[in-house]
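Note that chain A is present in both complexes that follow, paired respectively with chain B and with chain C.
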Partner chain A sequence: MKIKPLHALLTLALLVLPFLFKDNRFLGFILGITYLNIFWATGMNILYGFVGLMPLMFAAISGIAAYALLYFIAEWHINFWFALPVATLFASFIGVLLGLPSLRLKGFYFTLCSLIIQSTLTLAFIFFPKFTNGDTGINQISPPLWFGEPIKGYAFECMLALMAVVGIGVSYFVYQSNLGQRFVAIREDDVLAESLGINVVINRVVAFFIVSLYAALGGCFYATYIGFISPRSFDVLSSLNIWLFVAFGGKATIAGPVIGSILLAPLPFLLQSLEAYKDILSGVLIVLITLLMPGGIYGTYLAWRNANK
Partner chain B sequence: MNQPGAIPLLSVKDLTLRFGGLYALNKINFEMHANESLGMIGPNGSGKSSFVNVLTGHFKPFSGEMQFAGQSMLGKSAHQLVGLGLCRTYQAVRVFGNLSVQRNIDTARLFFAEEGITEHQYAQYLDWLKLTPVLGKTAKDITLFEQRKLELMMRLVLKPKLIMLDEPVGGLATSEVSEMIQLLHELKAYSSVFVIEHTMRVIKELADRVVVLIAGEKIADGPPSQILSNQRVIKEYLGSAHA
Partner chain C sequence: MDSFLLLLASTVSTGLLLGAVFALVAAGVTIVYGCIWLPNASNGQFFLLSALVAWGLTSSYGLNSFTACLLVLIASVGLSLLFEKLLFRRLYNVPDRNISYFVITLGLTQIMSGIFSMTFAKWSDQFSLPPLVSGVTMIGPFPMTNNRILVLGIAYLSIALLFILLRYHPLGRALRAVFQNREAALLRGVDVHSIYKISFVLGSSIIYLGGLLYALAYSFDLTIAWTMSITAFAIMIVGGPGSVLGALVIGLVFGFTQAIVSNFTSPTVATFSYLIAMLLILLVKPNGLFLK
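Right, the complex of A and B next:
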């Protein structure tokens, strides 16, 4: 495994940025949200880009983790750092269960199924107020403590930056590994992969577990970073947004989801004055991407580079 | 040729495959020994591909027993059968079209962590199939003949005991057919071969024994010369021009 100087430099930039926005809380917050989305998009890319399944229930898994985290903290009176792994694993196992339809369905049919799962879970978040406080949501979520001190402001952003970098690293490692090669083989032709001795079922389950870990971990940090969650935080639009970051940047590449998140995640905040037009903009983007750049920005760049070699 | 009592490489008893009320395969009995080359012929829809699909774990049989080298194959999925040494190719050429030829082969080689084929053997196969010049190309950009050879390469690295080939010369030009027949002859040195074909030349030149399927039933089983003069086979499959 080789690490190029450019990659090291960009990684360093990701880690240093929070210090630059230390005093500008508005930009700092946008940065934090961008890190979260880099992490999420990188996770979704493992399933969407490598294995070839579009998991529209991604946000729901984040939601399950976030609600579980708050429930565990409140009911068991445990520390955030103990509740975090429990909630993450809990949501990941549910993610694997939700992935089971993929053992029989693929392509469009799986996407449709995942859309239904996502919608059902959004409704479940609303109709089980015992755990979720329903449509009102849960507010004033206290930030995690670090040796008695609450993690706030740019310290939290540093933590999110670290999480994003580790997430990118894990995704890169998976991509380079035999596991990643099997994922790609399954994406390209699952029947052929099976007849070459690849256990398609186990590999899909493993992929779902990894992706759910990303979704869940991101969800837990999202809840404590923003301080407020409601069923709307984890609805189908959130899933589609993360998908858009992956597709816009370039699926099945490591840099693609990162580029997509950096370019698109801050937009809703910077264009706050546009209000409802933001959603129209994102709809237009989805259509344009699908039609004009099926490989996304980075994918199109790679194709252009290969053609001009 | 084979000692009596030797465990057959492949043995099938009363194998039946049903799709609803339709019998795709009806009580097929069949044995094949190691180092034997078998041909299977039959009209379209007679169940040849279904037969391969059942044996390689793609379809579950309705009833019957099947064994590979003495081990039951029932309930084993396709990837587990690869572990026993049973590989197959597909009627329509099937490679990872978007990946490079090298990556295609590497993907097949993932099956073995350590005890795979040696580098020497690997180089020998590559050389034999003349794939070295196209290793860097994308698999969908190489010729059909090269793709067929790539399919063989991807099976050979799995250390197969038996390769089931579903119409290996389908779509090839006449000159390539001769070359492919030659390759398949040489392939027998590495693995037993089971071949489904409509091109009688392939069957005549390759198979020690031929099985004829018609409407899901085995109607004949014997050496090519005998089969090709069997009245029922001529009437229902070959047509009088072949007689």
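Right, the complex of A and C next:
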């Protein structure tokens, strides 16, 4: 496993950026959101890019984690840092449990199944107001404490930057490892992979668990960073949005989801006058990417570079 | 006792009507899926589009419902041809195209719902069409509006026509041949791509027709689009993807379920039960109940 100087430099840039936007709260906030989406997109890419399954229930798992986190903090009166791993693991296990039966399916049927689970959970978020406060949502979520001091502003963005970089690192590590090779083998031909002695179901469960961890951890930090969550934050459009970041940047590459998130995640905030067109714009992008550039920006660039070697 | 009978009668009439609309829309979705492998996730938006345009024609231009619906149906053929040419034709030869199509239609859903909430949602939040005919007929002791009886008649006539078309007309036979085995159909001289086109136009037109019938019988708002999408998919999966008979039977069953459930509690419970039914079928018998 070797790390190129360029990659090290870009990683360093990701970590340093929050300090540059220390005083500009507007740009700082956009940066924080972008880090969250980089983390999420990198996670989804492990299942979508490497294993070849499109999990539309991604946002629902984030939602379970976020609601569980707030519930644990409020009910058990425990610290954010104790509630975080509990909520993350809880949501990931729920995610795997829900996903377990659907892992026998592949392609369109898996995606449809995950869409159904996502829709059911969105309905459940609305219809169990005891945990979620229904459609109104939960606001004024207090930020996590660090030795008695609340983490706010650029300190939170530094934390998110660190999380994004660790997320990218883990994804890179998985990709390089035997596990990643098995994932790719399953994506390319699951029958062949099975006959080579790769346990397809177990490997899919492992991938699903890793992805759920990403979704859940991101959800916990999302809730505490934004300070407000509602069932709308975790609906099918959110899942589809994260999918778009992966597909737009380039699936099955490490850089793709990062590029997609950096280019697309800040757009709704930078073009506030176009807020009403946000859904239409992302719909158009989804259609265009699927039709014209299935490899995404980075995938197309790689193909072009290989052709011109 | 009398109020119970009245409730029963209203449940039956609602069930028949909703069932027919569900059956039509699901048949449209399943024809397109069986033929082209195109799972149309935006079917609910298509459904809503036709209803909204008909509403716009009647309320802004003062057309009567019949003319408005006819115009919408004619325009829908052109729109379907446009969609087919611009979007769906490009992937006809891709082997794993159903997932790409699914994503594309999810994108379309987002585009159309965005457009609706920027336009129609600003003009009104509850929509309804003027009735086709006025008056009330007593069926035994139960009153029923003539409009609803007519809509019911049109709905079941359309289902019957669709069935006859698929079973006996050469075109319908070619469609079913492509359902069953596209290579063999190709070898027997069926022009598969033009069958794809026809099936897309036919399936979409049925969905648009379903929207019009629903709008003629009930008032509606923008939220029915997503519910309809989920319901149509649930019917298609439970009935068996590509099975028109399955879509018709399960559509009726789901329509009655919804009519019965809404007597006691919110219709969301019915949607919930469709989702669970679809999940169970996907996990236990992915080919559905009616597909061999």
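In this text, the second predicted complex is superposed on the first by the 307 of 309 C-alpha atoms of A that agree within 3 Å, B and C clash if a C-alpha of one lies under 4 Å from a C-alpha of the other, contacts with A are read in each partner's own complex, and residues count from 1 in each chain.
Heads up, the rule we're going with is that a residue touches a chain if its C-beta (ideal position, glycine included) is under 8 Å from a C-beta of that chain, and two chains touch if they have at least 3 such contacts.
Bear in mind that the values here come from a model prediction, so they are computed numbers and not experimental data.
In the superposition on chain A, A:I33 makes contact with neither chain B nor chain C. In the superposition on chain A, contact of A:R182 is made with chain B only, not with chain C. For chain A, the partner that touches more of its residues is C, with chain B and chain C as the two candidates. In the overlay built on the shared chain, the residue A:S102 is in contact with chain C alone; chain B does not reach it.
Once the two complexes are overlaid on the shared chain, A:L14 sits clear of chain B and of chain C alike. In the overlay built on the shared chain, the residue A:S282 is in contact with chain C alone; chain B does not reach it. Within the superposed three-chain model, A:S195 lies in touch with chain B and out of touch with chain C [touch as defined at top]. Chain contact summary for the complex, chain B toward chain A: residues 56, 58, 77-79, 82-83, 87-88, 90, 94-99, 103, 106-108, 110-111, 154, 158. Remark: chain A residues 178, 181-182, 184-185, 188-189, 191-200 touch chain B in the complex. Those residues of chain A that touch chain C in the shared complex are 54, 101-102, 104-105, 107-109, 111-113, 116-117, 119-120, 123, 127, 237, 240, 243, 276-280, 282-287, 290-291, 294.
Residue ranges of chain C in contact with chain A, taken from their complex: 39, 87, 90-91, 96, 98-100, 102-104, 106-115, 117-118, 230, 233, 237, 268, 271-272, 275-276, 278-279, 282-283, 286.
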